[in-house]
Every structure is written in C-alpha cells, then in structure tokens.
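After this come two complexes, each holding chain A, first together with chain B and then together with chain C.
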Partner chain A sequence: MNILIALTIIGVIAMLSEILRFRKVLYPLALTGLAAGLVLCAMEWGSNIRYFHDMMFMDNYAIAFSMVLIGTTFIWFLLNPAYLRNHEHEADYTALISFSLAGAVVMVSFADLTMLFLGIEILSIAMYIMAASNKMELRSNESGFKYFMLGAFATGFLLFGIALVYGVTGTFNLQELAGFVSANKVNLPAMFYGGLLLMIVGLAFKISAAPFHFWAPDVYEGAPTPVTAYMATVVKTAAFAAFLRLFMTCFSGIADWWAPMLAIFSAISMLAGNILAVYQKSLKRMLAYSSISHAGYMLMAIVAMNQNSDGALLLYTAAYAIGSLSIFTLLVSMTTNGNEMINSLRGFSSVNKIPAILITITMLSLAGIPPVAGFFAKYYVFLSAIESGYTWLVLVGVLSSLIGVYYYFRIIIAMFQPADRESTQIQFSNSQNAVLWLTVILSLILGFMPGFLTGSI
Partner chain B sequence: MGSSILELVHINNYVMLAAILFAIGVMGVMFRRNTIIIFMCIELMLNAVNLLLVAFSTMHSDPGGQVMVFFIMAVAAAEVAVGLAILVMIYRNVKSVDIDILNKLKW
Partner chain C sequence: MSKIAFFVLAFLSIFSAMMVVFSRKPVHSVLSLIFCFFTIAGHYILLNAQFLAAVHIIVYAGAIMVLFLFVIMLLNLNAESEPHKTSAGKIAAVVSGGLLLLVLVSVLKSTDGLQLSASPDSQVGMVKNLGMVLYDKYMLPFEVSALLFLTAMIGATMIGKKELD
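Presenting the complex of A and B:
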C-alpha cells in the first residue's frame, strides 16, 4: 500500500518539477524514490493486510511481484539516461512511467475485479501515450494508435466477461467469487462460462499470447526503443501476474474447462513466436517475436495451475525481464544511430569486448542454457507443467526453445564477426555499462540460487 | 423497487440487448476503415457493458455493479482523450484519418 502512495508521489513530484524548475535533479530523485519504494515493499513482507474494504490484498505474491516490477523499472531508469535527461519532456516521461508502474502494482495486488480493470487501465493509458511519444515520426504514431485501439478492444472483452460473471455471481470480490465457484462447481450456468471465455480473450490480448499476438510486433517496433523495453518487461510481468492471480484465486476449481484452451494458446505462442523470430532482420522486431514466444512459456505456468505455478512464474518473469533489459541496453545504443538491423552488429566485439561477453551471457539466459537464470526458469515452468500432466506441452516447449537457441546465437555470432560496411559504432554510457554488469550478476545469482525466488511465495 | 422493473422487462432482454450492442461494436472495430467510427464502436462496446452491469446490479440489488459503471465511464473518458490526441497527431502528419494509411509497420 505504502508503495502505491510512494509511486504516485514520484509521479506528482515529476510533474511539479517542470513548474517549480528543479528538473535537473529529477532523474536522481526518481531513482532514489524507486529504491525507497523497493525498501517500503520489502518491509510489508508477510504482513498480509487487506486495504479499502478488501479491494487490494498485499500478500507475499503481490509484494514479490511488486518488487520485481519496481526493480525492473529501477534498472530501466539506469538504462535510459540519454533518453530521459536533457529531453524536453523528461518530466512527463518520468511521471507517466511512475503512474504506469503504480497501475502495475495495482494489477498484481488486486482482490476485486474492479481493481483489476482499474490497474490495467492505469498502466495502459500511460503506455499508449509513451508508445506514441515520438510525435513527428509516423511509425511511433502508428504504434501508439494500434496499441490504443487493440488495448481498448481487449478491455471491452475483459469488461463484458466481468459483467457476465458478475451477473451470475453477484460479486466482484475474488474470495466471494472463489467461494461461489467451488460451491456450484457442477452446475455453473452457460453465462458464467461465456464470461470466463471473454475474460480469457481479453487477458490473452494483454499478454500478447497467440492467436491474439498480431499487434505486438507492430507496436514493439514502432514505439521508441526505451518504451519498447518497458513494455516487454514491466507491462508483460504485470499482465502475467494479474492473469495468474485471478485464475489461481477464483477459477482453479474449474481448471479442467479452461486449462486445455490455454495450453493450446501456449503451444501456438511458443511455436509461432520462435519460428517468426527466425525470419526477422531487425533486432527490435525479432525481440518482439521472441517476447511472444516467452509469453507462451509463461502461460505454461498458468496452465499447470498447481502449488509451484506462482514461484515458477515469478522466477520466469524475473529472469526474462533481466535478460531483456540487457539486450535492450544494446538496442537502445544501436537505435541512437538509427540502425536496428542484426547485421549492423558485426564488429561489435572488437570495439566493446567486455560488453559483448556480458550480453552473450544474458543472451544464453534468454535462450535457456545453463547455468544462467533462464535455464532454471524454463526448468521450473516445465516441471510444474509435467506435474499437472501436460507432457505434450513440455515437448512442444523444448522443441521450440531449440529454435529459440538458433536465433539468439545469430545475434551472438553477429557480434563476434569482423566489421564490414554495414557495421555501426555503438558506445555505452557509464550507467549502461552498469546495467550490463548488474543484469549479468543478477542472472548468475538467480541461476545458482533459483530457489531463492521460487520458494519465496 | 428494482425487481419490479425486472418483472416488467425480464433480465434476459437486457442481456440480449447488451450482447447485440457489443457485437455491433466489435463488428465496427473490425470492419470500418474510418478511425473516428472505430472509436465510436469501442465506446459502444463499453456502453453495452455498462448497460449489462446496471441491469445485473438491479437484479442482485447490489450497488457494486453501479459503482463499476462509474469507473468504466471515467476510464473510458480518459482513454478517448488519449486516443483522440493520438489521432490528431496522426492527422497532422498524414492529413487523413483513414486506417489504411497506417501500414508502415509490416514484416
């Protein structure tokens, strides 16, 4: 709860900084605020307090995911000093990011469908603006517009689903819903299932799982690269945490009905994301497709729906966010030259030897190769899927992650090739170097002690 | 009071009306090419939800549904404000609001 207040205060301070002319100190202020937020979050660990007449419930699940979200945003700020500082809209961007982070925290700690809806919207509306924030460039406009339109469309489905479920149960509260579902497990009316189906469609749009993924590559490619980094990490983590929280609390009793459907979504996402990523020449678009495939793996944790799901999802989102932040550090520095092709990476390692090695390690983590975090993330997700009897889904997952290894290695190989005329100069600032080191250290820590996260909730 | 209204017009009629409005909205978003009309169709979808929530709230005599409607109206207003701003920006760049202009991002 304190964390929500803290994040909102950061946003308000950011907006005031423009009026009161202390924009120069805003960047360090925001970083301190986020670090303080992390501490505030950790202090609430284990307290399990319900707020606002049971609208929000700060259990360990909510706190763990909030900490992942805030930590990711902290690293995101370190990654983008060039994008934020000395930009005429620095204050606006900082405010929007803080508010959307507040929305993400609401999304992981809701105990009522109203708060789920509000959290999604607080997060999304800020992100629509951020995606379209490059006003003069048509690609950014298009990306913002597509994101807005499909986001609103998906919200419509989610709301219609919520309305139908409300019509059957007469409540928005998660616990009362769960009680209703377990009491009437055998004779739930068709309207309830219709509502559940529409909610699944709405949420699948938000997590960009296939077959509702087609907006993601366009939006990711068109948005300014730092914004894409935020969307691929924080927005995705929040959407998955909300999805799992809703289904684990309310609908785990009728998993037989919805889990096979989500299993098919998961299989299509993994295959489509990985296969289409192979064909991409642009690194940014390739990452968009790879994020779809990662959505498939994360969906597997929701499909499994047992006592290991939440820990597996937490580890996976953390590992994925850390790995993505490292690659996006590379991409952000690339796009300052206006070039985002994989081929232009040639000769990168001859100039930046240490960054090349660091990025390779996080790339191995994303591809799922031991002993880095990504491998154990996949391992735990697969394990919980097997426990629930989805062996075929795990087979699809293993096969598609082999395809994933292929295109991640394409980047690594490009980095270590000699330079040619397509190569561009890439330089990292000090804080970007710090991000590269930090992400590698975190991936290795999570790789050697995965139980630290999976056992925590 | 609430249930007497539902005796006059049964709840099923409200559900049908909301479903039809929602379907019109979905069709509009998918098939119309003018972005302003698409916005209107998204609003239609959200208002179908509002109608449904109000009807169910009366049926259950529970104020929660009506509170939700207020939240939806407020959020929809904020959303459209952002959406129209993006649209104005696009219009300044290409002098058109037709959705077929937006095809710069393809693989």
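Presenting the complex of A and C:
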C-alpha cells in the first residue's frame, strides 16, 4: 500500500516538474524515489496486511513481485538517460512510467477482480501511449495503434469473463471465489466455464502467449526501443504475476479443466517463438519473438500449479528481466545510430571488449546455459512441471531451448567477428556500463543462489 | 400512477426508437436517439435507480451523442448523399435482425415460469445506498481509477500537443 502511494507521488511530482520548472532534477529525483520505494516494499515483508475491505493483499508473493518490478524499473531508468533527459516530454514519460508501475503493483497485489481490472488498464493505457510516443515516426504510430486496438479487444474479453464469473458466483473477492469453486467443484454451470475461458483469452493476450501473440512482433518493433525494453520486462512480469495469482488463489481446484489448454498454449509459444526468432535479421524483432518463447516457459509454471510454481515464476521473471535489460542496453545504443540489424554488430568486441563479455554472459543466461540465472530459472520451471506430470511439455521446452541457444549464439558470434562495412560504432554511457555490470552481477548471484528467490515466497 | 407513467414512457421510448430507424435525415435520427435515452432514464427512475438514470443521461445522452453529432456534422451526411444499400446487405440485415428477435423471444418465453430465489432489494439503486458502497467497500478501486484517468489525460495531452521543434 505504501509503495502504491509512493509511486503515485513520484508521478505527480513528475507532472508538477513541468509547471514548477524543476525538470532538470527530475531524473535523479525519480531514481531516488524508486530506490525509496524498494526500501518501503522490503519493510512490508511478512506483514500480510489486507487493505480496504480486502481489495489488496500485501502477502510475500505481492511484495516479492513488486520488488522485482521496481528494481527492473530502476535499472530501466539507469539504462535510458539519453532517452529521458532533456527530452521535451521527459516529465510526461516519467509520470506515465511511474503510474504504469503503480498499475503493475496493483496487478501483483490484488485481492479483488475489480482491482485486477484497474491494474491491467492503468498499465496497458500507459503502454499504448508510450508505444506511440515517437509521434513523427510511422512505425511508432502503427505500433501504438495496433497495441491499442488489440489490447482494447483483449480487455473486453477479460471484462466479459469477469462479468460472467461474477454472474455465477456473486462475488469479486478472490477468497470468496475460491470458496465457491471448491464448494461447487462438480456442478459448476457452463456460464462459469465460459467466463473462465474468456478470462484466459484476455490474460493470454496480455502475456503475449501463442496463439494470442500476433501483435507482439509488430508492437515491439515499432515502439521506441526503451519502451520495448519496458514492455518486455515490467509489463510481462506484472501480467504473469497477475495470471498466476488469480489462478493459484481461485481456480487451482479445477486445474484439470484449464491446465491442458494452457499447456498447449505454452508448447505453441515455445516452439513458434523460438523457431520464428531464428529467421529474424533485426535484433529488435528477434527479441520480440524470443519474448514470446519465454512467455511459453513462464506459462509452464502456471500449468504446473503446485507449491513450487510461484517461486519458479519469480525466479524466471527476475532472470528474464535482468537478461533482457542487458541486451536492451546494447539495442538502445544501437538504435541511436538507426541500425538494429544483427549483422551490424560485427566488430563490436574489438572496440568494446568488456561490454561484449558482459553481454555474452547475460545472453548465456537467456539461452539457459549454466551457471547463470537463466539456467536455474528454466530448471525450476521444468522441475515443477514434471512434478505435476507434464513430462511431454518439459520435453518440448528442452527441445525449443536448444533452438533458442542457436539464435542467441548468432548474436554472440556476430559480436566477436571482425568489423566490416555493415558494422556500426556503438558507445555506452557511464550509467549504461553500470547497467551491464549490474545485470551480470545479479544474474551470477541468482545463478549461484537461486534458492534465495525460489524459497522466499 | 407509476403504471400510467410506465406505459407513457414505454410508448415514447419505442416510438422514438422507431423514429431513429425510419427518419431519413441522420440528424433527426440522432435527436430521436437522444429522446429515446431520456425516456429510458425515466424507466430507471421508476425502477428506483437514480444513479443509473443520471449516469445514463450524462454518458449516453451527453457525451456519446455529442460524438455522434460531431461525426455527422464533420462528415456532412444528409439524405441525398446517403450511400445506396445493396440488396445483399439488406438481406443480411433482415436475417441478422430476425435471428436476434428469435433469440429474444425464446429467452423471454423460457423465463416465464422462473421463480426468483430472493426478492430484490428495491432500495439498492438509490444514490445514498450506492454512495455507501462506493465510498466504503469499493473505496480503493474508486481512488485507483483516478490514477487510470490521470494516465489517460497525460497521454491525451502528450499525443495531441504540437511538437515544439
């Protein structure tokens, strides 16, 4: 709750900075605010307070995911000083990002379906705007428009689903819903299942799992690169945390009905995302497809639905966010030169030796190679899926991560090749170098002590 | 008394709804639609749903109909420039409209013998009761939706504002 207030205050301060002319200090102010928010969040650890007639429930699950979200945003701010500072819309961007983060925090801590809906909407609307924020560029306009139209449809599905479930159960509250489901497990009416199906469609769109992923490549490619970085990390983490929280609290009793469907979604996401990523020449589009495949792995944790799911998902989202932020640091510097092709990375390592090594390590983490965080993230997700008897899904997962290794290594190989006429100069600022170091250190820490996160919830 | 009011309102709302479809000028259709919305708001008041009636007038008769009027005036639609409808389109419209009628009639028929499980609370739609729920139980969603509108407002000004350079 405190964190929600703090994030709102950051947003309001950002809006005031334009009027009261202190925009120059906004960037450090926002960074301090986020750091303070992280501390505020950590102080609530273990308190398990229910706020305002059980609208929000700050359990350890909510706090852990909130901390991942705020930490990711903090690193995101460090990554993008060139994008944010001295920009005409710096105040607007900062306000939108902090409000969307508040929405994300609502999404991971909701205890009532109205709060879930509001959280998703706050996050999504801010993202539609940010995707279209590069007004002069056609691709950015297309990205924002596509995201808005399809996102509005998905929201409609979700809302219709919530309404149908409310029609059957007569409550929005997660605990009462769970009680209703466990009491009427055998004779739930068809309307309930219809509502559940519509909710799954809406949420699967938000996490960009196949077969609801068609918007993702275009939107990710068209949006300004810093915004893509935010969508791939914060938005994805929040959507998954909300998905798992809803299904773990309310619908785990009827997992036999929905889990096979989600298992198929997960398998298609992993295969389609990884196979299509192989064919991409643009690094940005490749990362979009790889984010679809990672959605498939994360969905596996929801399919498994046992006591290890939440820990596995937390580790996976953290490892994925950290790895992505590192690659996006590279991509943000690349796109300032207007070039996002993988081939233009040739000769990168001869100029930037240390960054090349650091990015290689996080790339290995995303590909799932030990001893970095990504390997253990996959390991825990696979483990919890096997415990629930989805061995075939794990086989698909292992096979598709082998494909994933191929295209991640394409980037690594391109970086270490000698320069040719396609290659571009890439410069990192000090804070971007700091991000590269920070992400490597964090992924090594998570790689050596994955239990630190998985056992925490 | 309320029975007479109901029949008058019902007649007016059906009549104005028919006018929406049958009038040849788009502006007349829109005006009849506004009238129709007002009569429906009257039904809400008869059903003790004051808040719903107010919201209905503000949102539908106010905001949405203004949008409709703007679109009609900007596109400069009038009876002469109305596009000619193909016979395939007319058949499709008749079939889909007939199907909707069929569904509505069958649903209404099947609700005939249904018993209510509990008698509805006739006071539930009054503004006072709604306010008690909104500012007590649903306090947090109410406040958080302010955040949603703030976000949308920042976005609208940011996207709509002219760039300086």
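One rule holds in what follows: the second predicted complex is superposed on the first by the 457 of 457 C-alpha atoms of A that agree within 3 Å, B and C clash if a C-alpha of one lies under 4 Å from a C-alpha of the other, contacts with A are read in each partner's own complex, and residues count from 1 in each chain.
As a convention for this text, a residue touches a chain if its C-beta (ideal position, glycine included) is under 8 Å from a C-beta of that chain, and two chains touch if they have at least 3 such contacts.
Worth saying up front: this structure is predicted, and the values here are computed from it rather than measured.
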### Task
Go through the superposed model and pick first if A:W257 touches only chain B, second if only chain C, both, or neither.
neither
### Task
Have a look and say if chain B or chain C is in touch with more residues of chain A.
B
### Message
Between chain B and chain C, whom does A:E88 touch in the aligned arrangement: first, second, both, or neither?
### Response
second
### Query
Of the two partner chains, chain B (first) and chain C (second), which one does A:F145 touch, if any: first, second, both, or neither?
first
### Query
Touching A:V106 in the superposition: chain B (first), chain C (second), both, neither?
second
### Query
Once the shared chain is lined up, is A:L96 touching chain B (first), chain C (second), both, or neither of them?
second
### Task
Classify the contacts of A:F22 with the two partner chains as first (chain B alone), second (chain C alone), both, or neither.
neither
### Query
Where does A:T8 make contact in the superposed view: on chain B (first), on chain C (second), on both, or on neither?
second
### Query
After superposition on the shared chain, which partner residues are touched by A:M56: those of chain B (first), chain C (second), both, or neither?
second
### Message
Contacts for A:F160 in the overlay, against chain B (first) and chain C (second): which applies, first, second, both or neither?
### Response
first
### Query
On chain A, what residues does chain B touch that chain C touches as well?
114, 118, 121, 125, 128-129, 132, 135-136
#### Entry: Contacting residues of chain A [partner chain B, same complex]
113-114, 117-118, 121, 125, 128-129, 132, 135-136, 138-139, 141-146, 148-149, 152-153, 155-156, 159-160, 162-164, 166-167, 170-172, 191, 217-218, 221-222, 276, 279-280, 285
#### Entry: Touch list for chain B against partner chain A, complex
15, 18, 22, 25-26, 29, 35, 38, 42, 45-46, 48-49, 52-53, 55-56, 59-60, 62, 64-65, 67-68, 71-72, 75, 78-79, 82-83, 85-87, 89-90, 93-94, 102, 104-107
### Task
Over in the complex, which chain A residues touch chain C? Could you list them?
4, 8, 11, 15, 51-53, 55-56, 88-89, 92, 95-96, 99-100, 102-103, 106, 112, 114-115, 118-119, 121-122, 125-126, 128-129, 132-133, 135-136
### Query
Which bits of chain C are touching chain A when the two form their complex?
136-141, 144-145, 147-148, 150-152, 154-155, 157-159, 163-165
